[in-house]
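Heads up, there are several structures right after this.
Both of the next two complexes hold chain A, though its partner changes from chain B to chain C.
Let's turn to the complex of A and B:
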């Protein structure tokens, strides 16, 4: 049963992420990534990490992909995305570097055979409760730092994206946009 | 029935990481490049959760938890910067960022 679930969801996840990486349409890529995130939560449920699975659906699919969807409203996403064409020697170098990195990733568990559980799974209670016990004792300071970091990121996002928010490009006529663009261009040349 | 071992999960995490890496090397559009990095972060999360499960340890899940928190803040700041860049130049192509001519 576990094997069937594992292979089904791994096939679905790989297919979704492959579409996300290879698609020329930004909207297809976004939808495929969101679907892949949901399928990944299945692995967390299979591994007994219920809390992480719920977090994956709520935070990754519900928050992060929603931010991407909102961000897409600002950009021209309907046109076909052009891909990069790098010089061949650069592609060679990057590929070799990536291959070495992947060999390290795969061989890392073989090197470290003597792994001992630092915070063993607590018997007799559910996964979310065990997570809470460890999170609010051993990982309290990183947890609070993560909270502060999220607050800083939220304020930074509001300030960065909210600048000139009062000038709506959709409500302006085409000529007005062109005039504003030319004004901006001439300003940039003079600087 | 075939038993699913740690190696299966690590192989899956490696494949997903490679897909994300292909995306990072391939994409020119900065928004889609960010999405490829999200795929890489997710694959690492699977690896953390799998190792934590097979060694009976909760640290793996804690690390995956913090990775999700970092990814959320990265997206908030990154997309804010991207919007500012788009308003300035009208494009989010990676090539338009090479203004320093280094």
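Let's turn to the complex of A and C:
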């Protein structure tokens, strides 16, 4: 049962990302990436890491892909993107081959030993609790560091994006917008 | 045992899908009747007694209408978008307990009417409902229609606003109960009305309620299909059952969110007696009625007003609520 699920979802994931890379239709690529992200979460569920699986869906599919979709709206997504170069199949084949080889080289010595989890799931407690236990003991410092970095990124984002937050274009009359635009243009010229 | 489990799960899935598809149709009837009552009209009256068969007439119309796929749309994406909305709405229902445990009459077979009691229940429901956004988004982008595209943009702006509020407002009750499972939430409040989480977490309840309006895209946050454009936003190019799937997804989402709110904040089905179970249905109906009442009473807000509300008012409130809850739990 588990093997069937694993191979099905690996096939689906690879197929989705294959479409994302090979398609020259922007909307196909976007939907395929989103679907691929969802299928990846299936592996977390198969391994019993339900919490990480749900987070994978929320963060990647829900948040990041939605932002991508926002950006995609500035293009005409119904047209096919004209790519000038033909995909160089030789380079592609060789790079895929070398990537597979590197995986084999790195993973061969590990496979020969029995793989043992560093922090096996503690029996008798829920999956989200187990994550909390590990996060707040073994990985406390990386966790806090990541939190601080995210806070810094958030403040930087607000400062970069919020330069004219006090001015709402929807509340201004057309003449006011034009005057503001001209002022800005004249400043740009003088600088 | 194994086969009994598989058969039981399939039956549960079928029941949920059939009941809530039908409820989506009946929901439209109640919506029209309630709106009509509040606007001093009669609403649907002609088909059947009190217009009750209007649902069947609408259903037949939707099913038999030609499924038009305009030229110039991105066909596969255009076709799959409504399916995403409907499917994710029903997938979210997998972790919702609709009724307390009961034994099948004349046997000793115990049925627990939840399809799968995941240990990440609430998180699963939120994440799957979050994927539902892709229906309007992809539908609008694939439609090759400027209004649909703008509607999809509004949908994305709603989404990035409410998602944070939903998560943060649920954190405080989660901290109190210490579990993601809706069954545990129910067990925590099973002693009686005084144990309902809404008394401990009124702020979280109201925040989640507001976010639920944005999540289902109901008035006052009915921005996805902006009514004063007279067309149906992302659904402009859709016809027949594909449009119907969008509607079913929207109404099913309303019912499921009403169940989630009743289970998390309003005591769920209580001690598990039949009376408690009927109480759950009553609470769900009241929340559903409130969705309709709001639609009759309030105008829509603009997207920038929604984002202002979510990011500048509701999010700080939610975070303050979490901090206070944390302090109270700690000391």
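Operating definition for what follows: the second predicted complex is superposed on the first by the 109 of 191 C-alpha atoms of A that agree within 3 Å, B and C clash if a C-alpha of one lies under 4 Å from a C-alpha of the other, contacts with A are read in each partner's own complex, and residues count from 1 in each chain.
Definition applied: contacts are C-beta pairs under 8 Å (C-beta built on N, C-alpha and C of every residue); 3 or more make two chains touch, one makes a residue touch a chain.
Keep in mind that what you see is a predicted model, and the values were worked out from it rather than measured.
After overlaying the two complexes on the shared chain, residue contacts for A:137 are found with neither chain B nor chain C.
Of the two partner chains placed around the shared chain by superposition, chain C is the only one that A:28 touches, whereas chain B remains out of contact.
Once the two complexes are laid over each other on the shared chain, residue contacts for A:126 go to chain C alone; chain B is not touched.
Once the two complexes are laid over each other on the shared chain, residue contacts for A:54 go to chain C alone; chain B is not touched. Set against each other, chain B and chain C differ in how many residues of chain A they touch, and the higher count belongs to B.
Of the two partner chains placed around the shared chain by superposition, chain B and chain C are both touched by A:67. Looking at the shared chain after the overlay, A:40 reaches chain B, while chain C stays out of its contact range. Shared interface residues of chain A, touching chain B in one complex and chain C in the other, are 30, 51, 55, 63, 67, 72, 77. For chain C in complex with chain A, the residues that touch the partner chain are 72-74, 76-77, 80, 118-120, 123-124, 126-128, 130-131, 133-134, 137-138, 141-142, 144, 149, 152-153, 156-157, 159-160, 163, 167, 179-180, 302, 304. By the touch criterion given at the top, residues 25, 27-28, 30-31, 34, 38, 50-51, 53-55, 57-58, 61-63, 66-67, 69-70, 72-73, 77-78, 126-128, 168, 170 of chain A touch chain C in their complex. Per the touch definition, chain A reaches chain B in the complex via residues 1-3, 6, 10, 13-14, 17-18, 20-21, 26, 29-30, 33, 36-37, 40, 43-44, 46-49, 51-52, 55-56, 59-60, 63-64, 67-68, 71-72, 74-75, 77, 81-84, 91, 94, 98, 102, 105-106, 109, 115-122, 130-131, 134-135, 138-139, 142, 146, 149-150, 152-154, 156-161, 163-164, 181, 184.
Within the complex formed with chain A, the chain B residues making contact are 1-4, 6, 8-12, 14-23, 25-29, 31-32, 34-36, 38-39, 42, 45-46, 49-53, 55-59, 61-62, 64-66, 68-77, 79-84, 86-88, 90, 92-95.
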